[in-house]
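Each of the two complexes below includes subunit A, the first together with subunit B, the second together with subunit C.
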Partner chain A sequence: MSAEVGVKDGVALNAAGPRWWKNESAEGLWRNLGLVGVLLALFAIGAVIRPDLYGNIDWVTNNMMVILTQAAAIGVVTVGMTFVIIGGGIDLSVGALIALSGVWATTVATQSFGPAGMIFTAIAVGVGAGLVNGLLIAYGRLVPFIATLAMLVAARGLAAAISGKQTQVSNDQFINSLAKERVLGVPLLVIILLVVAGLGWVLLNRTTFGRRTIAIGGNAEAARLAGINVRGHTMLLYALSGLCCGIAAIMLTSLATSSQAAAAELYELDAIAAAIIGGTLLSGGRGTIVGSLFGVIVFSAITNLFAIANLPTEVQNMVKGAIIVVAVLIQQVRFSSVTQFARRHGLSRPKAGTPQQT
Partner chain B sequence: MSEQVAETSDVVLRLSGVVKTFPGVRALDGVELEVRAGEVHCLLGQNGAGKSTLIKVLAGVHRPDAGRVEWLGEEVSFSGPQAAMKAGIATIYQELDLVDYLTVAENIYLGHEPRSFGFVHKGQAARQTGELLGRLGHGEIPPQRLVKSLPAAGKQIVSMARALSHSAKLIIMDEPSAVLAHDEVGNLFRIIRELTAQGIAVVYISHRLEEIREIGDRVTVLKDGRTSAVNLPARSTPTRDLVSRMTGRSIEYVFPERPNTAPGERLLEVRGLGRSGEFTHVDLDVHAGEIVGIAGLVGSGRSEVLETIFGARQAEAGTVVMNGKALPPGNVAAAVRAGIGMAPEERKSQALLLGEPIYRNMTLTTFPGYATAGFTDAGKEQAEAMRVADQLELRPRDVRRAVRTLSGGNQQKVVVGRWLLGDTRLLILDEPTRGVDVGARAELYQVIRDLAASGVGVLLVSSEVPEVLGLSDRVLVMREGRVVRSAPATELNEEDVLDLVMAGSLTAATTEEVAA
Partner chain C sequence: MTKHIPDASRRRLLFGGTALAAGALLTACTSNEAEPNAAQTKGADTSNPNAAAGKAVTIGFSAPAADHGWIAAITNNAKAQAGAYSDVTFKQVEAGKDAAAQRAALETLIAEKPDVIVLLPHDGKELNAFGLKAMEAGIPVVNLDRAFPDALAYRLQIKGDNYGMGVAAGHYIGKALKAKGVAAPVIGEIAGMDELELTQERSAGFKAALATYGFSVTNRRAARFTADSGQKEGQNLLQALPKIDAIWNHDDDQGIGVLAAISAANRSEFFMVGGAGSKKAIEDIAADNTVLKATVTYSPSMASSAISLARLIGQGKGMSDLVELQVPKEIILASETITKENASTYLKLGF
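Up next is the complex of A and B:
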């Protein structure tokens, strides 16, 4: 049990290990490069349609920031969603939780506590509702789809009741200024997204919390029999998703300088779609934060391109649907046919350790 | 030629020299079988003898690699289960393959509904279902009832009615009595007699010798994938002959030698453990350095006992004491903290994250211990996993490889390795060598013995009696939820244990023979 063995053996392992392009994590790298390719393609299409705009470097930089700002709130939600899906669940209530958190944070009573009170309220409401989701799923044994669907309906209802179906204007200067603030030319909302995604990456890849998430989503029974508290952790995953909703609620409130019960409609579908094209397995156990981030940005870039090209949103949604299908198809092809093809034609050596015929 | 036909006219199925290999295992190695119309032909053999594979060959699930299968006098090769069904071979598996939320009639005619232009004649299906159930003496089962609401015995009857609806000439029954209560078995036998009276052949698989005596006409015995006896008369063959043909391995496994040291202090003390419908009044002790083996059939409650001790199932009665401290029932985390580890029966579905690297599978229990303030330490985890991989001679030795790429034996080493990393004092192994090929078995046996030598207590379950006897220091025999014998392994032999496992008929028969 000596601690010194550590590093040297680790290095030796790397040398003996599979070559980097066959590494499991390299799969994620290729997928992300694919999404970067999609972004470049979108840029190229834009440049062909509107060479006047895309020739202007200032406009291009500014437009990139617009795309990222559009992606900011949904991106934060997608980080939480990625955790939930990797953990073997799904959260359909994120859009509704954003609306509820936003409405609750902008009531006259809450606004009287100032920006800190508003931010605290939004986050507390998000986490609280997420905990309810988690309780119902982990201890009430409800299927995640149904529990969060019920929360979706109920939270929208509660938001409508609190706001009296009115748009609640935010009078708080600090909150309203968040969306206009820039740090070194980068909008504050984008920085919030990058910080949340960075923290999410660390949480998923470098902490025991992330390890439990992957274990539970990959094989809940194995995790349970290894002594992991599956239920407790499941509850935390939904609370984390709720936390992200609370943060996103403040971001959206700041952008619109108001909140309403109908805010963030269908965000749940966008977040799920972004996670999936980013390579997160809907069955759990595998996914990356960076992939989800690229997924969100790709969707945001499509919206942006359609706006610039002045095309109708109907077509835009059709394109998004097609992209989801194509992304999943490409994953399946890569994992099955290509590897099989390669093996059949001797392009890759058979994996050592597979049972030999005797 | 014509005489031959006359002579064998009542033979519906004949297998000769059937071979089926899987990677690392020769599951069937020259099997002979002859089934006549209207007979109950019993298949007997220990777990791993090849019975399940043989059934699957007959049912068209597997294709034999070599040998002849003659069905109704013609050589056949079924392309799949549907083809076998169409030819008139129906199989009733232990896990009945019925759809819970369809009605009795819909289940029976699933896939071959009486219909015209795509519309199902529900009335006709119901009427025919009634007739089929009537033929089985169960006209009282309503055809419109949901299968889900039927008891196990009722579902079995529906399965048989489905076989009849395909006008099956041969029905294979895989341990049909295992899911039935005692009085329901009598009814099952009555149905079987009615089927055979109609000229239908039945291949009957059971571990219970007294059932074979009662219902069987002829017996074929399998051992290690070979036929060790064909067409023995079911009623008159002495039990001892049957058992001796099932035992005695043709493949000898090398078991490590037992050390002569006395076991250490008592680690685990189980008293009066019970779960309704699974097992009752189980008492057992495991000492440091001792290997305790439980022999028993599937359904004897053996795996359930292990899972209950580990807290994966909630105990309803009795106590589990580890190191002098009582464990809370149904709490895996507490059992792990107390120093208990388990390698469960279904390695892939219960123990492993197949897509994750070896080292992460090994540290699945211990990773928080290597972490600093919640941050995991991959380098240290890999180093520790590497140390255990060396100790267990894991192949390949690269711990960053996905577990999916390992062979069964090496996957099992990963699961065992997981508990070596922790402070495990008692290791529970449920079927440790299932799906492990011959060479890797000996290695695993050595690993288990070495663990015991290092002071770990081992509690293991295996369907293979020689394995339990060869590996353990002390043996418990379980049957129908009870411990029926507990003795040092050296005082037991394979035939006695097998006999206890299969219902104590050897002792009874011996007394009868002596009396006669």
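Up next is the complex of A and C:
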């Protein structure tokens, strides 16, 4: 009987590929379905509260675009954050890097170089600061938490110094129009997010860079012994996160037609939270881009729903907190622990097989 | 291959970045600090006998490190106003990151025995004790904006009126909508940081003033005094209210984002009132090409006035228009409403 089960499992596994691969993809699918369920639930709540608005197809379509637009900048950052976390690190400096890139890109001097100059500056500053993070962590042996915390403080300080603490208005029509542009009814910022996420997905799942990231996050020492340049790779991960911050800085500047040292407040926490509820393990080695994307959209949809229901911000923050806790609890309960729990309490079939095997 | 590319690009970025930084810093300094210096001071008025050079006065000054335009304007104004008097020596001490750091910095200031101290505390309650100590040491304290609860802790308190700001905005909106004959108006409010007492006071004043017209706020969102948060909350507010009659936005800096959201959504069926009175907002009101039709002031020019009054206190003089021989103990600035009609006279007070 138990042998039969084992054979069955073996057949199924052989057909679908190696065991860990199959499990991971199925796991991601389930979690994403769960997040889609949350989105549908939020939509249903909205429809109950404001039937007048949700009955209007045009309004609903437009509202979805608004939710996605608000997820765009933070979504791009979360893609970078997902890589860093999968690689076993953390980047607390993303909000500050967005502010620094945005402020640097909107100084009068930079604006005189036109949109190309502004975009180049934002990305160069983001990547540059990300590389500093990476150098400190990979070669300076600083704990990622400390190194990026220091960068958070320093980058905000530098941004304040550059801007003279003023809100810097962007007078560049091209940059400002990015936020208003729509391609086939889809806002350009949303398309940028999808492109970045798509590239991130390919990079994570279809290249050696992605495989190495997962390997390093899973076990850095084993990865090193396997011949991976762990330090160089870690540095690149933080540069990648910085790159995402640079892109997000331009998106945010375009949305707000300005930038300032206090911009993108607490984006680091939003990005980490989105990655976590999307199924990225904070200890590294596992995570998906699609999951992170859903995480960002769920947060954005909550903010939107609370505005529509005219509920105060403090309630919204409490709900956000609760969702993070519930998502992580479900994550922990579902996999290893469910099967172990079931075995321990004699609820599943493998229990019958276990004594025979040992 | 993977080794060479990052090296090369890193070097390029560092060099390019340094060059850009130098340029950016230069322009940032010239463009952002030069303007308020000339504008928000008073001193060239020769008809005022108090303006004539008198007894030399040393004024100690401390305000929190600026994280946004308003605080930056406070420090700039104080410095510029002090510079306008030949008999004033201006001693600024860094306020540091929080109340504790500011207290430590102020201790050194007391030791230097200035004639008067002008102080914008991180938190009025936390620095109340310092005010008491300085007053006991015989140094008059001018308490700027964030109030000491204890009347013994200051010689002069000069502050803005947050509740009055809400009232001014409420009256402007109420009157305009009554004039239009709107019966049940949809009114949106985009507040600043909700955990601050000043935000609560502003909202309370707004609510009270609207109530006198029989109106109320339909939807209230709280942003974070930043343009990007203003954009986000503005966009959501527009989604929640498909038709709006009026919006009050507490802060002109976050208003830049709110206006961006409004223009991106192509909405113009309503009018908006701002808050604080930034230069950009006053210019927009004067140009009259956005939904922003008015703003209610909370002007950092109070720092200039505080220095002028601190000087008079140090010289033992009174305000020349008043009968009293000494400067009064408390001054609360009225929140003024800037519209298209008077925008040109207020432009010099914009920050």
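Annotations for the structure displayed:
Quick note on the criterion: the second predicted complex is superposed on the first by the 317 of 358 C-alpha atoms of A that agree within 3 Å, B and C clash if a C-alpha of one lies under 4 Å from a C-alpha of the other, contacts with A are read in each partner's own complex, and residues count from 1 in each chain.
Everything below uses one rule, namely that contacts are C-beta pairs under 8 Å (C-beta built on N, C-alpha and C of every residue); 3 or more make two chains touch, one makes a residue touch a chain.
Please read these numbers as outputs of a predicted model, since none were measured by experiment.
By the touch criterion stated above, A:Ala307 is placed in contact with subunit C alone, subunit B being left untouched.
With both structures placed on the common chain, the touch criterion links A:Arg286 to subunit B but leaves subunit C unconnected. Contact with subunit C, but none with subunit B, is seen for A:Leu131 once the two complexes are overlaid on the shared chain.
In the superposition on chain A, A:Leu236 makes contact with subunit C only, while subunit B stays out of contact range. In the superposition on chain A, no contact is made by A:Met318 with either subunit B or subunit C. More residues of subunit A are in touch with C than with the other of subunit B and subunit C. In the superposition on chain A, A:Ala223 contacts subunit B only, with no contact to subunit C. When the shared chain is aligned, subunit C comes close enough to touch A:Leu252, but subunit B does not. Taken together, the two complexes place residues 229 of subunit A in contact with subunit B and also with subunit C.
Contacts from subunit A toward subunit C in the complex involve residues 50, 53, 59, 62-63, 66, 69-70, 104, 107-110, 121, 124-125, 127-128, 131, 160-167, 169, 176, 179-180, 229, 232, 235-236, 239, 252, 255-265, 303-304, 307-308, 310, 312-314.
Considering their complex, residues 1, 3, 5-7, 9-10, 13, 16-18, 24, 206-211, 214-215, 218-219, 221-229, 285-286, 351-358 of subunit A touch subunit B.
On the side of subunit B, the complex with subunit A involves touching residues 21, 23-25, 310, 312, 332-333, 335-337, 342, 344, 349-357, 360, 364-365, 367-368, 371, 374-376, 378-380, 382-384, 386-387, 395-402, 405-408, 410, 418, 437-439.
Against subunit A, the residues of subunit C that register as touching in their complex are 2-3, 6, 9-10, 13-14, 16-17, 20-21, 23-29, 31-33, 65-69, 71-72, 194, 218-222, 224-233, 235-237, 239-240, 242, 253, 256-257, 259-261, 263-264, 278, 280.
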